[in-house]
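Note that chain A is present in both complexes that follow, paired respectively with chain B and with chain C.
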Partner chain A sequence: MERTNTLSIQQSRDSDFIREVEEASGQNLSKCYQCGNCMASCVYTFAYDYPVTQIMRLIQLGQKDTVLKSSAIWLCANCQACTTRCPNNIDVAQVMETLRIMSRKEHTVSLPDIQAFYDEFLRSVKTFGRVFETGLLPVYNMRAKKPFTDLDLAPRLLMKGKLTFFPAMVKQRKKIAEIFEVIKRDRFSKEGKARPEPLSSQPDI
Partner chain B sequence: MRIGVFVCNCGTNIAGTVDTAKVASEALAFADVVYATNYMYTCSEPGQQEIQRAIGEYGLQGVVVAACSPRMHEPTFRRAVEKAGLNKYMFEMANIREHVSWIGNDREANTRKAVDLVRMAVGKLRFNQPLFSSKMPVNKRLLVIGGGVAGIQAALDCADGGVDVVMVERKQYIGGKMAQLDKTFPTIDCSSCILGPKMVDVSQKENITLYAASEIESISGYIGNFTVEIRKKTTYVNWDACTGCGACMEKCPAKKAEDYFNEGLGTARAINIPFPQAIPKKAVIDAQFCRQLNGKKCGVCAKICPVKAIDFEMKDTIVTEKVGAIIAATGYDLFDHSVYGEYGAGRLPDVITGIQYERILSASGPYGGHIRRPSDGKEPTEIVFISCVGSRDQSVGRPYCSGVCCMYIAKQAILTRDHLPESNSYVFYMDIRAPGKNYDEFVRRAQEEYGVQYIRGRVGKIYQRGDRMVVQGADTLLGVQVEVEADLVVLATGVESSSGAGELAEKLRISYDQYGFYMESHPKLRPVETNTAGVYLAGACQGPKDIPSSVAQGSAAASKVQSLFAHDMIETNPQVALVNERNCIACGKCIQVCPFGAIQWKELRGGIKKAEVLPSVCQGCGVCNATCPPKAVQLQHATDNQILAEVNELCA
Partner chain C sequence: MKRVAYYKGCSLEGLAAEYDRSTRMVCEAFGIELVEIPDWNCCGSTPAHSYDPLLSAALAGRNLAIAADNGCDMVMSPCPGCLKSLKGAQETCEDPAQRKAFVDLVGRDVDGLKTVSLLQLLYEEVGPQALQKAVRRPLTGHVLVPYYGCLLTRPAEKAKFDDPENPISMDRLIEATGATVPRDFPYKTECCGATYGVTRNDFVGKLSGRILDMSQGLGAEAIVVACPLCQQNLDMRQDQINKYSKSAFHLPVPYISQVIGLALGIEPKVLGLDKLCVPADILLEDRSGEDGQARQPGGVAAG
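For the complex of A and B:
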């Protein structure tokens, strides 16, 4: 991780970035008064390059590069402890999600393995209607170029029935695949909007 | 009628976005307007003289000033026209600042709207009648609601000035929150030592009548002449007889009553005098815990009482007091931290509040002034203080700063070091708010001389590990998560409005903000007045305040009362309802709707009934005017004709 100890505010501040994050996440980031509660509550602070409080501060200062290249946004487990505890009702987890999407668009993903896992997970859900772990894990391992990781666990998981040889046959899995299509269509129809409205707020199809 | 129009530039406040010269020239074209001009500052002395000069020169019979809000300068201009010989109600004000120039930048639209407002004012003025106020005597007695330090200060100041004071306190003792404190910042004065003499003064002054364990039942009347009903709550002890000897407390077998004074640390007897210096020093039975009152065989207190003061049959009584002014000094409550799941939601016994810690520190507290933790009575060595619990936290609906917590934490950390020199104190804070005299120096002393470790960040969670608690927080200055093992955690719970503040405000007819704090008449220039004449504010009922500010406000409210009481008579407001008896059909609807009971029946010769307004009780709200089917009741200075004239001008 690279840290800068000097910062020329005017030269490095990207105010469009601040606006984009606010619009895409629906959060008012100037509400953050840097109390540190998100950092205090976050289970992954130990692993982050920038603790989440500093991610929020970096956004306030428009430090687009630093934020979108950080590992913190990809290590975030979306557990929402930060969102729950934020005294200013900022949905911090939503901001982190927004940053992941922006970082993909800008091709600045610092941890491509994690991105690959997200992709494979969703592909598995789309194909089978729910996650088929026995299929997901080898594909992910290959994409991450670490084919033997956790392989030793497989026999025990198979014996306990945690892994199965065949995917579960989810009824109407085509309907689930349709959800993906709806979201994709939605995103195209709202050009420039990084994140579509959550499904729950859309009228029933 | 000959009308003059004066349009104020208010420097650039109005002229910046309104063409005041054009407003004046258009006004000159209105019917009856014989003179119109614009002026830099109409409220200035030369501005007022210009109005007076024009009244003389042009023989004006009515004046319109287009300027700021009438709440700002209506009295100024009314005085000015009165000095020039007009009746002061032959004056109208058009608000072209707050309602026009400050809220829009479109000069053309603003000018148009300003012209409309001036035309409406002129239209109304044509229907204005001279009105005359009468004089009423002032009852020079004061009611102080709340016996905390602010109320005590106000009562003593007024009593010293010879005013009869009635003080009502809902608890059984006066002194309020300050009586529960151990020491006070930034001087580490013993709280009860500095408050005690004032409490004693209240009980000994002959012109102070104290109703403790009492609440306000109802308030009627108006400035100079309020009638107040006070509910004396059942204490089951005849206070006229009780000497406060405490024999009943010693013998009472119901030992598990809630100890409110000690904030639930420890227990009290069902019959109790909460602390040794209590004023009045009278016992009260807690009906919830008393055996006798719960159908069991007991009555020990009644047998032991040397003066036979116990009365199990006692009921609430209502007393009526007449006063001329009221000071509300109802204080505050502390935020209930049980909404914070991350701090144990009130279930961790060693996570306590600041006020509980005050009781622990106090020599008359539940542990006799020895710092121990509630769970196992052990002396703590690692003590964590957490600030902003229920302050500056939008997620729990308390976005405001409580203003006192930074200071009381610093004080408690210093006292902790004095009590337990081997202990370590840690303070989690977001910002330190210490703007008072010698306040910041005090907080610095906590850090520099007493070695209190200040950590800049909030706490995310507290959980048990062994017989200690782990406090997991942030140090945002380092950008790291930090962990402190603590024996005792003190939460600096914030200030919130007193329970029942809203109900009392309705009885007082004063307004309160969204958090339940009473609204002052003007945030800067009328800080102790309310919008109800004769009702004043003191202390934390108006907003979070420390002791010096509460005392200062108590004295300020007292001086307001004394300047009111310097008059034997006060002028009534003639802008009240008036019944035109010829039109009154005696339907009685106005009597039903009047919120102030200001309308009554009047019998004419031959037994004919008509409605009659008591001008001294009427508050000029206009409900009767709107209700009256034949429009016989008219609110003076806002009659139907006057309002319709305005509407006509607007629609013209």
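For the complex of A and C:
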């Protein structure tokens, strides 16, 4: 993990970033005075590189690189505890969501295996219109190079008749795939930005 | 008969099939007609949100559009994750800046629809009093703890149901079945580990582990849930949790619809009770002569 050099923090300040996060999340981030309620409410703080209070402060300081490369934003489960308890009514979970979307666009996702799981999930939706649970896991396991994930669950689930072997398919699958294509097309053209070079070798959905 | 569009979502077609079955049985018992949304698609869940909010809104919105085309004004989803996406779609449609893009993708607006969880539908359209009157097989003597999970009542201004920190709707419904609910369960809305069951299994070991631990400490013999993901983490992964935390939990995790169904006298098999990983047969024991309070540590009789 890269640590922010606080002695030269002005040099890495990106004021556009502050505005972009505020606009995309619809939140006024200058209202945050680092009371720490979000951090104290967050059950994932033990696993974060930067606790959520510090993420909020880093945004206020325009530290785009540090924020978008942090693992915290990808370990947030969007459980809404921070949002529920913020005394300034900042939708903190929405800010974290905004940061995930930005880090995807900038190709700075720090935890490629979590992105891989989400990508395979979306690929399943794009292909079948629904998520095919039994098919999703082996593909993810291969991509994340963790072939034995949840293999221990298989015997019992088989016995209970809970594993389906054929995907349920939506009739209007083409319509679903079309939604994906339109969104993908508009994603970069909207901002008039060139597509940045990917950091990881993960294929986009 | 109340007619409600039913969006069951992918989980209820697979690992949570018993949630689907028991939901249908209980709604039928109370004269609620569930109209499954024809040709429904996945709401996109967390992965769609974190890719593009408009993708999530359009995927969830297509289902709302079909429900509206079928003349329904209320949509119910038993999955809080799906429900969050459906509400997100409504919000996008109402946002002047995004309305056109949404309608272009989905084909129509989805104004005027009410979206609710199964819990909200049962609490508001049936209610604890009517449930109490309909009980044929009271669960008297059983101690059940309600676990709501993180999304069912949060964020408050979007969920618009019950309390975000200390919800009570499921408490009241469980009490109406005759069962005892321990007071002050502190983890009602704490996160169970959510989607990290697959990618960060130790998170579920830690977070779901302490929910099991607290429930057991309160004398509960089962944890009642209203979310397929919470159920999977607490039930299907209970052996993994035991391995992680070197514990020996053996707590059944039935859905609220199964518990209500049992109290209504519906056959356990029809409610898919045998589909739970940790067997819930303990709920079938007749304890009508016992006082649930006495079974709790610090309960009335014990204290």
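The definition used in the following text is that the second predicted complex is superposed on the first by the 155 of 205 C-alpha atoms of A that agree within 3 Å, B and C clash if a C-alpha of one lies under 4 Å from a C-alpha of the other, contacts with A are read in each partner's own complex, and residues count from 1 in each chain.
The rule is short, and it goes like this: a residue touches a chain if its C-beta (ideal position, glycine included) is under 8 Å from a C-beta of that chain, and two chains touch if they have at least 3 such contacts.
Given the structure is predicted, the values throughout are model-derived calculations rather than measurements.
J.: In the overlay, answer first, second, both or neither for which of chain B and chain C A:18 touches.
T.: The answer is neither, since A:18 touches no partner chain.
J.: Would you check which partner chain A:121 touches, where first means chain B only, second means chain C only, and both and neither mean what they say?
T.: After superposing on A, A:121 lies in contact with chain C but is clear of chain B.
J.: Under the stated touch criterion, which partner chain does A:72 make contact with: chain B (first), chain C (second), both, or neither?
T.: neither
J.: So in the superposed three-chain picture, is A:137 touching just chain B, just chain C, both, or none of them (first/second/both/neither)?
T.: In the superposition, A:137 touches chain C alone.
J.: Between chain B and chain C, which makes contact with more of the residues in chain A?
T.: C
J.: Tell me the contact category for A:36 with respect to chain B and chain C: first, second, both or neither.
T.: The first partner, chain B, only.
J.: Touch test for A:81: chain B only (first), chain C only (second), both, or neither?
T.: After superposition on chain A, A:81 lies in contact with both partners, chain B and chain C.
J.: Contacts for A:53 in the overlay, against chain B (first) and chain C (second): which applies, first, second, both or neither?
T.: first
J.: Do any residues of chain A touch both chain B and chain C, and if so, which are they?
T.: Shared contact residues on chain A: 46, 81.
J.: Quick one: which bits of chain A touch chain C in the complex? Just the residue numbers, please.
T.: Touching chain C from chain A are residues 43-44, 46-47, 75, 77-81, 83-84, 91, 93, 97, 100-101, 104, 113-114, 117-119, 121-122, 124-125, 129-131, 133-134, 137, 140, 144, 149-150, 152-153, 156-157, 160-164, 168, 170-172, 175-176, 179-180, 182-183, 187, 205.
J.: Could you list, by residue number, the parts of chain C that touch chain A in their complex?
T.: Residues 10-11, 13-15, 17, 39-42, 44-55, 58-59, 62, 105, 150-151, 154-156, 164-165, 189-191, 193-201, 203, 206-207, 236-237, 239-240, 274-275, 277.
J.: With touch defined as at the start, can you tell me which chain A residues reach chain B in the complex?
T.: Checking each residue of chain A against chain B gives 31, 33-42, 45-46, 50-51, 53-54, 81, 85-89.
J.: Could you pull out which chain B residues touch chain A in their complex?
T.: 342, 388, 392-396, 430, 456-461, 472-476, 479-482
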